[in-house]
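Presented sequentially are two complexes of chain A, the first with chain B as partner and the second with chain C.
Entry: the complex of A and B
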């Protein structure tokens, strides 16, 4: 994936958690609106679960991509932390490693939020 | 422009030059005496006052807590009346959360950050002062209410319909809403200050991988404030409109919904608990390495935990609403996220344990409080994981089990670490340590007292004792638990009292301790308590623990061998550095001592207080004074054209003094403020759509603002924004006359936009007291128009700056910042008028 240039910014750190937040928001809003408006919609709960499942897969894919980029920035783990040297290189490796960790956490957290999609089959049971 | 940083310190200057430098620095940074002492804006004074005020509020709230406990000690007690009881517990919770837990961390941050980052000042010292005075005034107002039997009495989260019932809640609810809104403004001011300070004002060389963990935590917390407080402010606005003018936002009979308040409150409320918890853990992240005498194990893991918690904490708010009948799937999402947040929280605790295991731990008083607090917090975390499960929560909700849970997390996760911080950092104040012996006794009193008081509440709760009852019958099996709790509360209070005695006891005779009494590796202890300049010179940092790793660092700093050893301009100066690698890019002149901050804070406070009592004329008068004070403050204190373009900052480096656009700290401050503002706005729009979801026809059959006027307003604002872009570009091309013309046109267009924005709801005679739909339309329109009005003031301000030659092609910070404001403004206008005008058609 050479085609993605490495970007020098502080903000990449937040990519994966932001994806988590968006995914969470979409799931929450979709269910809230669906359940409030179910009379007016020609869609079954089942369909919505599948839709959200698709969105979940997309979110996980973005997180994996962010993790891969972070892994690359970290130098694929050729050097181990603490990355505390006063050099640009160590600063980058630190960013890469922290971003990788956050991608991991975000991945797991997206999975957590997805669990209810498997088990709950109606707005109110 | 940025300079390469020389690594080695400059050669030492001859003693007479150094003495002259020190004389100049001392003069520039001096704190005035007499009554003018209170006009100081120095971070050490503001931090100290802030902390002291928050601590005093805490003691007051503690007394209220004891009152509550005395009343509950025995069944059928008549120690205080039911109404006073309600005021006491409401004020207790409110003060602890809003006047102690959040402000104390702002205080600590303002006090410590400059020295910890190896720099002289935060970028906006006057803003800190403004925040402090707002806080102090708002706090006294809220606390004082109980002496007039007028305190809020509906619980710290103010649920309607109880809190919107004027018969029951009296003026107390208004005091809560307005007093706290005022304090929320102060918190957002602090967040702006901290974010810009941490990102842009670190010592040269302190790259983000070398930043002290405290700064990492605070950066995240300040970001959380920016997204958590504004929803509450939006909620406060709706709430106050309902109380003052009977707009039915939370009145189900007229289409409103009390649940909207619960959402807005808890979108703030749950992140708030982490806003409180993370800074306390941040103190531990400084204390633990010092007393283990080794670097922290897993620096990146702490960053992971801080950022991860910051994000996840926004996905938890509905766990406070499990019993409100939301769809089960929604509940399950929040339950899942609530369990997920335990992961990063656990990581931090394991990092501390690993650091202690890897080093040799010295069990001093700060460590005692830290470790004891963590033990308590872990129990609270376990009950947290329990109540995050929906079925369990349905049993425990609104019982004393919750009271036990929240006190375990708050007191273990925040109060104990704060006391650890007091013992650890006290020597910064006057070079003396607090007593080891008193500290240990206090710890054991607090630790045993706390557990005695709060552990039995779990059982009382499981036996069905609801929270917030002023008394209970004797035969239901709660009496012994309550008696024990009350006894424990007094033991705990004795411990707190001992800490207070230790802090205030005279220490004249006590010998001074060494300057870095605990042999810490970070920079907090490098300043001398006798000098106000912060650091004698701004060092070059190349380690996470510079005091341990950089040889002779402290000597070289004191010898003035690094940056800014002098102040030739006679102004307060500090360095601005780049975000990632901390290369110095600018010498920033920061504001000095001034009364304008006090005037601005007190008059703004006047606005809120006058509103509480419906003194409309006083409100307007205070608002005018506030506006005048702020304009004076900006006009005289910001974007000043410097005497020369580049300036000798020492070590053979010259840097510019003036910066504009994204290079300037002012631009960042505007950006961050507007993100917060945008969040409040988004919360109002959320409200609009919330009403749409809960009704089949959310207009309730009432007329809307039509399409025509909203579209006119939208168009005018978009053109006004275009005129601002033109003005900026003309100014950059050095065409002052045309710039001024463009600004004038923009102001007229904006004025038209404001008028058209209100014309829609006005023309269709929308009556906001009839139904919630007209009310929410009015609120969105007014919000937008008020922002338009502020935009006009900014345009006129730029016009005046240009006319007086204070804004030129080279010195264009004002217009850059105003255009930035207008980017946000145009998004707001397009959204508002698009939604108000078009959504009723497409739904």
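Entry: the complex of A and C
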């Protein structure tokens, strides 16, 4: 993935948690609105589950991408932490490693948020 | 649950002993990081995922809100009130067959569906031995279904802070065999048509205005504000699980309900002559 230029900014650290937060919001808001306006939308609950499933896959993909970039930033694990020397290189590696860990956490969180999609098949009436 | 807990306990103790007795020799950094990854990341993630999935999978059965499960109509309507429980047994048409309070009877081995309401503030209906809790919210009907698997007596506390006597708001649950339950249910339905014989306590109950708030089947008392006192003598406790059901305690509750349950909605009748209170308590305690 050479085509993704390496950018050095603090903000990439938050990509994965942001994706998790958005995914969480989308899932909850979509189901809440759908169930509050039952019948008003020409869409079955099943369709909505599939839609949210698609969004979940997309979210997971973005998180995996973020993890891959972080892995690269970390230098593919060639050096072990702690990267605590006051150098440019260590700062970069430290951030890469932290981003990688956060991506892992976000991946698991997105999976957990998805569990009800599998088991809850209808709105509360 | 117990078996699972025992296995985990044995594992933890085993590990502890192992850690205490094993020879101390450093392991390679590689092994150490696999241990951390496996034991600290993969293991909890997988275990928590399985537990979460199992709990979510159970949910539609416990909370029958899905249209497919809605055909099991509520058989009991429970209303949380400060600080007691109004319990209505419903007939097939969904109308009240009879009302009682603070003591629930259920048939064993069958799923009972509840409609849960609240009269004033949020309460929460929880019979820990039978299943998870569900809030009772004013203006809302929540549906919960439970299936007791063993006969016995269980205690059910209110699980949402609802005021000064929240901790004194509980009910007992008596799980019975089906024939016993049917006989009890039938006798409760018939109680309405069976006049209660005369008793000095009965006259005093009406003279002192108790009937304005309390209903007793087989008498003209049809008050709706407080708990239905029909056959209160057969209950395990009085005042929503607060006192043992004895004549002395009934008398005490009539005399000073606010001392027993702060903030209670029943006025104290301590100004009545002791003899009157005792006669009423004797009569109520004998209603079986």
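Brief remarks on what is shown
Throughout what follows, the second predicted complex is superposed on the first by the 124 of 125 C-alpha atoms of A that agree within 3 Å, B and C clash if a C-alpha of one lies under 4 Å from a C-alpha of the other, contacts with A are read in each partner's own complex, and residues count from 1 in each chain.
Just so it is clear, contacts are C-beta pairs under 8 Å (C-beta built on N, C-alpha and C of every residue); 3 or more make two chains touch, one makes a residue touch a chain.
Note that the structure is a prediction, hence the values are computed from the model and not measured.
In the superposition on chain A, A:21 contacts chain B only, with no contact to chain C. When the two complexes are superposed, the chain touching more residues of chain A, out of chain B and chain C, is B. Of the two partner chains, neither chain B nor chain C is touched by A:78. Touch criterion met: A:102 reaches chain B, while chain C stays clear of it. When the two structures are aligned on the shared chain, A:31 is found in touch with chain B, with no touch to chain C. Overlap of the chain B and chain C contact sets on chain A: residues 108, 112, 115-116, 119-120, 122-125.
For chain A in complex with chain C, the residues that touch the partner chain are 80, 104, 108, 111-112, 115-116, 118-125. On the chain A side of its complex with chain B, the touching residues are 8-10, 13-14, 17-18, 20-21, 24, 27-28, 31-33, 35-37, 39-40, 81-84, 86, 88, 90-91, 93-95, 97-98, 101-102, 105-106, 108-109, 112-113, 115-117, 119-120, 122-125. The part of chain B that touches chain A in the complex is made up of residues 199, 205, 207-210, 295, 298-301, 303-304, 307-308, 310-312, 314-315, 326-330, 332-333, 335-337, 339-340, 343-344, 541-544, 579-581, 693-694, 696.
By the touch criterion given at the top, residues 29, 41, 45, 48-49, 52-53, 56-57, 59-60, 63, 65-68, 70 of chain C touch chain A in their complex.
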